[in-house]
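Sharing a structure, written as structure tokens. Questions coming.
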């Protein structure tokens, strides 16, 4: 619910939610008596919640639209690489953006066409409205649409599980969550690493945002300050994200 | 006695308020959902397979097809298993064994749907992927999981229907030299037909309304399925998947999906009720 | 006297271990009408249902002793129970037409016995309805639902449904208990005609009906066969005090 | 002769418009045992249940005519029905102990009447059990569940449960129909003792019981009161042919 | 050749027994699968600690509390309304258009999918009534959802009380209300409780509706207006986000054991009820 006094409520992107939880945990440890409530729901839901007062801070894992930028205060808390992931047995190790787009659009339907083994391609996408998906569409798909035959999963974890089990699968997900059981391909020649993101070599990057309506409440501001502080940023980096600046 | 009348009035008010919940639900869902159907056009909304909310395309035909496919699949599995169980438990199992097995079926109904979905994803889906090909997440997987989930509903109503057949019919048939199985097929199933049909319809209602398990095992692709091994998205998963993110028209379109679901379920329930009422009516005459 | 059709020897029937019929000895002859009377719970129904093994349906049922049908124990393992039940036709206290047409009710037993030939079916149906004094009343509406018939007609239909199978023994459990005097009369008339063809065992709680409609009468009490003898004799000079007490209405 | 306790004047009772009791005139006197006999569906039960207005529970029930209890029409608007039902105590064909202890069954009516005092309750219970010839059998187990009693004991418990309320009239609907001869005898004995205290109306389907256990007998047929008179007279020389037919067992 | 009736019976019955065996094998498999993976991790500290780093570590105490609050409150709200409705339907009115309407409403409500309840709860309780994503929104939504079950089972339990009991009670001079309280409800209570326990089970298992109404906050709720995550939703999130499979299994085990316990309880109540009413 709507928080007051020394409590802050956050709602929004399920991609940011895990990190926000970790931040909240540390924050309340440092500031006893403070209370941080973190909820999922999705990037857009986060914006709405802020708009209708359901939450103090919205979490958004995509760039704001022009209209949204006018409505909300935007706070960049970190950046996240978007990894293109395939099964561990898949020989394909690098792809161009053009090829990725073709694979997800359903124009390329056999792994042989991109240098892999003979076999069908099964793109896995995220649900409509997810920040990850919108970033992916903006960064990769452009005007083209994701194939309607693509499997839709509602979380990074589910995408990962599916890619882990299915040799034909290709998906996209938060770089910080890839782990070792699946492969992340190099895009346009750049390996998906934090360093490459920082250096601007790996181009599939999206912002992770906090948004508030007007000026944040003092309690909310105090939490945001913590997140942007070196301690907060270090925490995020430990979780696999790329710091805001 | 006057006090009794007052109490009766109070209870009536409570009963009506309980039921007004339904009206309230209908009102809210319709208010949120109907406008967009009108705006997009019913033909477009129901008959187009193009669902691309970011571009303003709202067509739910794929989801209708998906719901239909998994519901029919679940019904087939549910019917076969439930009828078998109901017949065995009421006609062939020793009373002690039947009494021990019935709570087990109820337990099956108590398992949370997220658990069904989860177990389906980690066991059934890889099995299908390896044995039959395709992504595993499929109409087939969803049908099996849903079939198991609605089995308790169908079984328990079918058991009631079979038990409602007068014992004298069974005895009459057996005294004329029928085996138990002949009695089941020629007398019992015929006499209990409407009850069983009602059970199946209600079971299908359950299946079409189930959400979490389906999200996990159906694959949620937006295309109409061509085979049992294709992934599908159902009406319910569409709502649950996108609700969190939706705003504006998109959100309304999801409510419109809810309206569709609501109407389908209400039709199914009415059908089930009509079928079972016909049975009751007939019994009174007989 | 002819050889008995059914011989019951030391037969005991129990439900869940509790005896309902105790150590019964009784013979049923061809072409006789045997009435069984006795107060409630004296084991009359249990005995009848033992004759066509209908009690087997009850999981708590056990028995000892023998029931010989034409010399063969009906409880032997190699007996075809379905066949037996068609030979020992049973009619219940409440008429129970199956929820189908009159005709379907009548031919059900024949179809179960594997008879499919339409002409045979029709012939047998007409004959059985004749014996049950029902042909005239239903011949024009054989394909109407059986439950539109009156109670008395339904009961005669149930008798006809059994007669169609040409049973050796016809057993009836209080067949007139729900009927009016006129229907009762018709059924009693039918029984007179039928005894030419089968043995009849009639359980009745109406002693006057037993007196009217039987050749011999057996008196059951609490699972025991107290006395059996020619009807006229049993009603006028019973040999047992209990029989006398029952007949004068001391209890029951 | 004393003034009648109950006067029934031109009373007709209908269910869904169909009369079950027609234009009945009958008087019930203090300290008498009135038996009501008649075949099934002749309106005996309907009449009894009209006396304590239990028929009111049935939505299809309508009535005309009067039933006066101590001069006051029981169907008047200002009658306290609960009070009336305690004054006209009813016993049913099947013993229905409520699923509680024997004691709780017995004091339920008193508690409803607002009596809470433990000593009064205990006294009344003991007295009522005495009249119902049950005290000795249950005095040591008043707090056991009532349904562990035998059928006959349960029925006497039901009688005691009514007697506790010290009713003006005790109405019994075939109270012995499910009981053995010994229990039946005990209940008939209890009725003899009770007539000193209340009027008794006993519906029975056993004409011999009516002959044994009543002072006057009324014969109902299809909703009509055919004949009423002293028991000895009605059974030996009935004035109506129908009564005679019924008594010799022509029908029923 | 005509297959003999005895043979076809043997084949058919064999087939149906096989179906029954498969069904129970599935049940046993699901239970064993979850419990085998999860039970070893269900420790005292797992039950009593708060989760850390999204539930990757730590326990599930806030979810246990949240589940108890959301499901308990739902039943607390629904039970009196449901029982009162059942009493009205069975004791205070006769069958007619009104009862038909009420029953039809209840039947429809019973068929409405939980996701629709979720949608409704979200727009009505959370937004229109301003309760936000909270324990209260969630439990009121669930209350509406389990109401039909409670009405139905209470009605059945009440109808199973022999009509003769009521006649006896009226015959001894009771009013309708006294009969309802002293005779009808007293006898029907075990049956009614069965329905209530089953509803509790349904509330605990529900995921879609609570996800949209009670939210998914990980912290202990401080009041009914705070969001709280239930066990079922926690399990879903742990498993789907791939946060921690061991904790997911352990959470599911706790959930399953709670459901098992409730089923045993309802079974026991039902046995008592049958013994009492003597059906």
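Chains here go by letter, A, B, C, D and E, matching the order in which they are written, and residues are numbered from 1 within each.
Everything that follows uses one rule, which is that a contact is a pair of C-beta atoms (placed from the backbone, for glycine too) under 8 Å apart; a residue touches a chain by one contact, two chains touch by 3 or more.
This one's a predicted model, so the numbers in the text were calculated from it and none came from an experiment.
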Fill in: Topological distance between chain B and chain E, in contact steps
1
Item to complete: Superimpose the Cα trace of chain C on the Cα trace of chain D, which carries the same sequence, then give the rotation angle to the nearest 5°.
Response: 175
Practice prompt. Report which interface contains more C-beta contacts, comparing A-B against A-E.
Written response: A-B
Response to the item:
Taking each chain's centre as the mean of its CA atoms, chain C sits from chain D at a distance in Å of 38
Worksheet item: Using CA atom averages as chain centres, what separation in Å is found between chain B and chain C?
Response: 48
Worksheet item: Which residue numbers or ranges of chain C touch two or more of the other chains?
Response: 82, 112
Worksheet, complete the sentence: Contacts with two or more other chains occur in chain A at residues 14, 40-41, 154, 158, 161
Item to complete: For chain E, jot down the residues that touch at least 2 other chains.
Response: 5, 175, 239-240
Practice prompt. Report the residues of chain E in contact with chain D in the complex, numbered from low to high.
Written response: 94, 162, 164-175, 178, 182-183, 187, 276-278
Discussion item. Could you list, by residue number, the parts of chain D that touch chain E in their complex?
Written reply: 52, 54, 57, 59, 82-86, 89-90, 92, 94, 96, 98-99, 108-109, 112-113, 147, 158, 161-162, 165
Worksheet entry | Complex interface listing, chain E residues touching chain B | 5-6, 8-9, 12-13, 15-17, 19-20, 22-24, 26-27, 30-31, 33-34, 81-82, 84-85, 87-89, 92-93, 98, 101-102, 104-120, 122-124, 128, 144, 147, 151, 175-177, 198, 201-202, 204-208, 211-212, 232-233, 235-236, 239-240, 248, 252, 255-256, 259-260, 262-263, 267
Worksheet item: In the complex formed with chain C, which residues of chain B make contact?
Response: 94-95, 166, 168-179, 182, 186-187, 190-191, 285-286
Discussion item. Considering only the defined contacts, which chain B positions touch chain E in the complex?
Written reply: 1, 3-4, 7-8, 11-12, 14-19, 21-25, 28-29, 32, 80-81, 84-85, 87-89, 92, 101, 103-108, 110-116, 118-119, 123, 148, 151, 178-182, 202, 205-206, 208-212, 216, 236, 239-240, 243, 254-255, 258, 261-262, 265-266, 268-270, 273
